[in-house]
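Same chain, two partners: subunit A is paired with subunit B first, then with subunit C.
Let's look at the complex of A and B:
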């Protein structure tokens, strides 16, 4: 760590400003949330200390919480499953497309768009046929009338409809990351492999995939944590409804804190979310360290 | 390595100290500067009043009224500058709550009556306005009893922008197309009409149920009938009844019948309030249950000329159709910590005195909470406006909406529970039980 033989206090001096900012912006709010999560508090008036009651109620009595956790984890699983797919497209583009910038950029467009716009766009696509919903009209046109439904107002379909939009939006993001990762692999390796007779799929299997694992890991972690925090798109499209069927942890936290005026309770949900994020990151990291050791 | 770690932990500790004391100091600084501010003003020095409001749309009469009065005041008082903070209803609620948590409520803000403003009053964030409404006879301009919804411990804390009731707007042309001669007076008639409209390919009713209060407002009107009169929620709050009461179960059952009859547009739960109203205003649905605050906007819309209103019908032979869902409007309140408390009070006093007059000129006085001088008909108010005024004149009694009566946590359970009825058929008894459990858990 200290290869330059710089005195420790100099390092501290340079680290301090950024560290202070980081502590102020990240740790202070987290500690404040831990503190408020032990109160029965409406966010405005007097606080009443209740210890761990909020957590106990959350885990044992809250009928919305566990389904919300399930939705969140499903969200995470789906967005992680998407990444190998993104990697696959990235290798294809890398191998077959001469000037790939246009392709990658077009995949990336949805990522730049504001979530509110995406939400409104997909809302009109998902609309019931009577309101001109595109998806339903297409299904009707294909003679699949029995498949049509009001996607966002159907208790079982709504959550999947939302997953799909998120996957659609972030495909380009992960594609770009994977693609950059692949491009950074030196071409000499491929040339050498070619001489040894490893070409096409073989080259992918023995060169591209092992070398892109660290990038892959970053994508997985980003996808996982991003989907745990998913909130805005759901708020725009369904607001957690109908009847809680699309609530995730973050929307549940928002509803509790701001609509039900239970700030303390909302904070305890937030703390659970933080804990899940931390634990998940540690687990994913450990898993990948094993995988990396095996592959290389 | 060791030393650097030690330094790091020292730095972290120091950082925490600094940030914590910084946070602690902030409040103190604020209060002292507020004190200085109120002490040194009083002369005609420049004053900026922040006016948070829920009228962001320049096309609506409410926006025009607010801006016309404020601009006139600024002309008369060159030292006063009014700064608008115009937001959507939901955004404003959220922003105000966040501001309230750090005790930085804008000089003038808007709150909802009764239970919804109680938290703010209890936290001492709003200034009592008793002295202000006695000035220039402002108090007497308000309709009798309306200020009670904004009063706690004999102090008035906010002044309403309107006084509304829940009515059914309907499209006369579409009713004719479906061969319906008169608006329904019983719930069975209503369901028959729904079926007749549907048979003609017309969407019978529209609701913006993504914003859950819309369906709840309609549901509460059904409950007002099945309960044979007002007071169900206050009876529950007082422990005289429970949500398992037959009146409540019947109301759930009736709403489900309406949903099953196909009354509402497809995908009702993903359409928000604004989109729902636009749907009706552009003549795509035959009925729309809403508060009379929508009258002005509906009147001036595409379908405006075809629109009429009718009283909500009786349900299972119960209830009085002159009982209404009462919706005392959103109300202007003043921050107790305002730097320019006196100037703000003076402005709001002027504002509310002008409010009925300017609203009348801008053809939006039918739902004002104050007494209006002038003849609506002579001033060219439309037949829809006159119909609404006639209904309002005959109001016998009624109930406030659920979220104005119950605490926020119980209200939220209620709102999603009702939203669920729009997409799923549920045993009414279990809906009732869900309400009762939420009520007991959040007492």
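Let's look at the complex of A and C:
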């Protein structure tokens, strides 16, 4: 028997409820945003059609936009740099630890917590020592008083402080993904390699790393897309401040749309974000397909 | 030749099983340091939440509180904690059930029915996975306003966040479920058909029960995402009685920004439900999240 032949009515009954809800709340909004982005509109007054003006203004006159793009890309780069480290830790755990679950599940704890908990926790840690901030108290205790600062209100330090929190939260996630990938490599391969004299770090180099590439790719994509979108943590911790020094594309969009009520302008930023996400996914996939072809 | 090989193999075996103790010690030190960096902030928060403001501001971050300040917890709980918790449970449960019902119906139709549009529907869901969620915040708000789901001051009902939550979670759910349903042997359906069961009956009493493992994965992914979601709730809801836990925690903190102990207590209470669940089901949760990542 091949696939079931059922009347169109039945198919509609199975598919339409979900599809309609989904299309109405994901695709219609995106198209609606493309439309809105061609207007100058504050939500209350009349809409004024301005064509591509919002985009032109965004790319040429907006002093916040390009730094925000830079922060977004830096965010992505930092999150991806973490992954080789996670992979290496995962190979170490796999080789040296007999009961790895304890480590792996402990590292994973920050992953399951809400951005609000993580963000506010680190805000408290980053507080000045006089307000009970742990980091500054530790630095004071180590005699590094000159290093102490109010991490989130310091324009140069704030962005790095945020990168660090994201790295901290997702280390366990990437580590677990890689670790699962490594454990899925059949042990016969290692046994065969051992007979040929490839053991320990040599086995890592010639067996583990090449075989784990597909999983590595998934981690990279997750980190990249995640960091393009990671903005709720920034909203919780700094809201883009001080003085726009921690704005990323998404926070800029949010602040423009909801705080300044520039609906048209905010929509144009949102569309840029969508475009960047789509293009980035395609590029990363293409890059890794090449890498995989070269290796195999 | 084979003689020398086997002795060589035996020699290579030794360091494989028993690595140099120094290397092992170094590896465990590294893993231990990571354990501290990943978990100590949470432990610190717990201690912090039991201190008085004076103790927190004194700068001795390592010191234990002189007497446990349970009063911090009382203050936190009195500030709508149960209300927020109830809202979170309600919103998450409704979303979970809806996602599972809707997504499994679509997945069933896509994988088992014969109709031309099936690949296109699948593609629509796949594209949606690449769309950054926050780009839809503004247009969804405008659309809801237009249809009076929620009123002008963004004071949404619970449905104003549940509907987008369902929409955001369906693509990954459809993807995971259809990946599984594709592998169910046709013969099962065939024999059900011979026994006179119609499609609905087959779906409910045969397909759904076999699909419990991927449904669990979807449950875990949806739970973690929705339970922790902050920005959508904060944007669409303003009434105290509808706030979810992450949003509630955040508004408590911005309201009582100098009551450090109570802030700590609220953060602990906010993290507690997920932590308890993770303690009970850590293996299921980590497996589910990895499966979701790898298949997504």
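Everything below uses one rule, namely that the second predicted complex is superposed on the first by the 269 of 296 C-alpha atoms of A that agree within 3 Å, B and C clash if a C-alpha of one lies under 4 Å from a C-alpha of the other, contacts with A are read in each partner's own complex, and residues count from 1 in each chain.
Throughout what follows, a residue touches a chain if its C-beta (ideal position, glycine included) is under 8 Å from a C-beta of that chain, and two chains touch if they have at least 3 such contacts.
Keep in mind that what you see is a predicted model, and the values were worked out from it rather than measured.
Participant: For A:89 in the superposed arrangement: first (subunit B), second (subunit C), both or neither?
Facilitator: In the superposition, A:89 touches subunit C alone.
Participant: Where does A:55 make contact in the superposed view: on subunit B (first), on subunit C (second), on both, or on neither?
Facilitator: neither
Participant: Applying the document's definition of touch, where does A:154 land relative to subunit B and subunit C: first, second, both, or neither?
Facilitator: In the superposed model, A:154 contacts subunit B only, not subunit C.
Participant: Please indicate which partner A:206 is in contact with in the superposed arrangement: first for subunit B, second for subunit C, both, or neither.
Facilitator: The answer is neither, since A:206 touches no partner chain.
Participant: Looking at A:78 after the superposition, I want to know if it touches subunit B, subunit C, both of them or none. Which is it: first, second, both, neither?
Facilitator: In the superposition, A:78 touches no partner, neither subunit B nor subunit C.
Participant: Under the stated touch criterion, which partner chain does A:45 make contact with: subunit B (first), subunit C (second), both, or neither?
Facilitator: first
Participant: Once chain A of both complexes is superposed, is A:259 in touch with subunit B (first), subunit C (second), both, or neither?
Facilitator: The first partner, subunit B, only.
Participant: Going by the contact rule stated at the top, is it subunit B or subunit C that touches a larger number of residues on subunit A?
Facilitator: C
Participant: Touching A:218 in the superposition: subunit B (first), subunit C (second), both, neither?
Facilitator: Second partner only, subunit C.
Participant: I'd like to know which partner A:131 touches here: subunit B for first, subunit C for second, both or neither.
Facilitator: Touch partners of A:131: subunit B and subunit C.
Participant: Counting contacts the way the document defines them, which residues of subunit A are shared by the two interfaces, the one with subunit B and the one with subunit C?
Facilitator: 1-2, 8, 11, 15, 19, 23-24, 27-28, 43, 129-131, 258, 263
Participant: Using the touch definition from the top, list the residues of subunit B that touch subunit A in their complex.
Facilitator: Going by the criterion above, the answer is residues 1, 3-4, 6-8, 10-12, 14-16, 18-20, 22-23, 93-94, 97, 100-101, 119-120, 122-123, 125, 203, 209-212, 265-270, 407-409, 411-412, 416-417, 419-420, 422-424, 441.
Participant: Please name which positions on subunit A make contact with subunit B in the complex.
Facilitator: By the definition above, subunit A touches subunit B via 1-2, 8-9, 11-12, 15-16, 19-20, 23-24, 27-28, 42-46, 61, 123, 126-131, 133, 150, 152-155, 237-244, 255, 258-263.
Participant: For the complex, which residues does subunit A have touching subunit C?
Facilitator: The contact residues of subunit A facing subunit C are 1-6, 8, 10-11, 14-15, 17-19, 21-30, 32-33, 36, 43, 89, 92-93, 95-97, 101, 103-117, 120-122, 124-125, 129-132, 134, 137-138, 140-141, 168, 171-173, 176-177, 180, 194-195, 197, 199-200, 215, 218-219, 222, 225, 228-229, 231-232, 235-236, 250, 253-254, 257-258, 263, 266-267, 270-271, 273-274, 277-278, 281.
Participant: Across the complex, what residues on subunit C touch subunit A?
Facilitator: For this pair, the touching residues of subunit C are 5, 8-9, 12-13, 15-16, 19, 24, 27-28, 30-31, 34-35, 37-39, 41-42, 44-45, 48, 56-57, 59-61, 102-103, 105-106, 108-110, 112-115, 121, 124-125, 128, 130-140, 142-143, 163-164, 166-168, 170-171, 174, 186, 189-190, 193, 199, 203, 224, 227-231, 234-235, 245-247, 249-250, 253, 260, 263-264, 267, 270-271, 274-275, 278, 282-283, 285-286, 289-290, 293-294.
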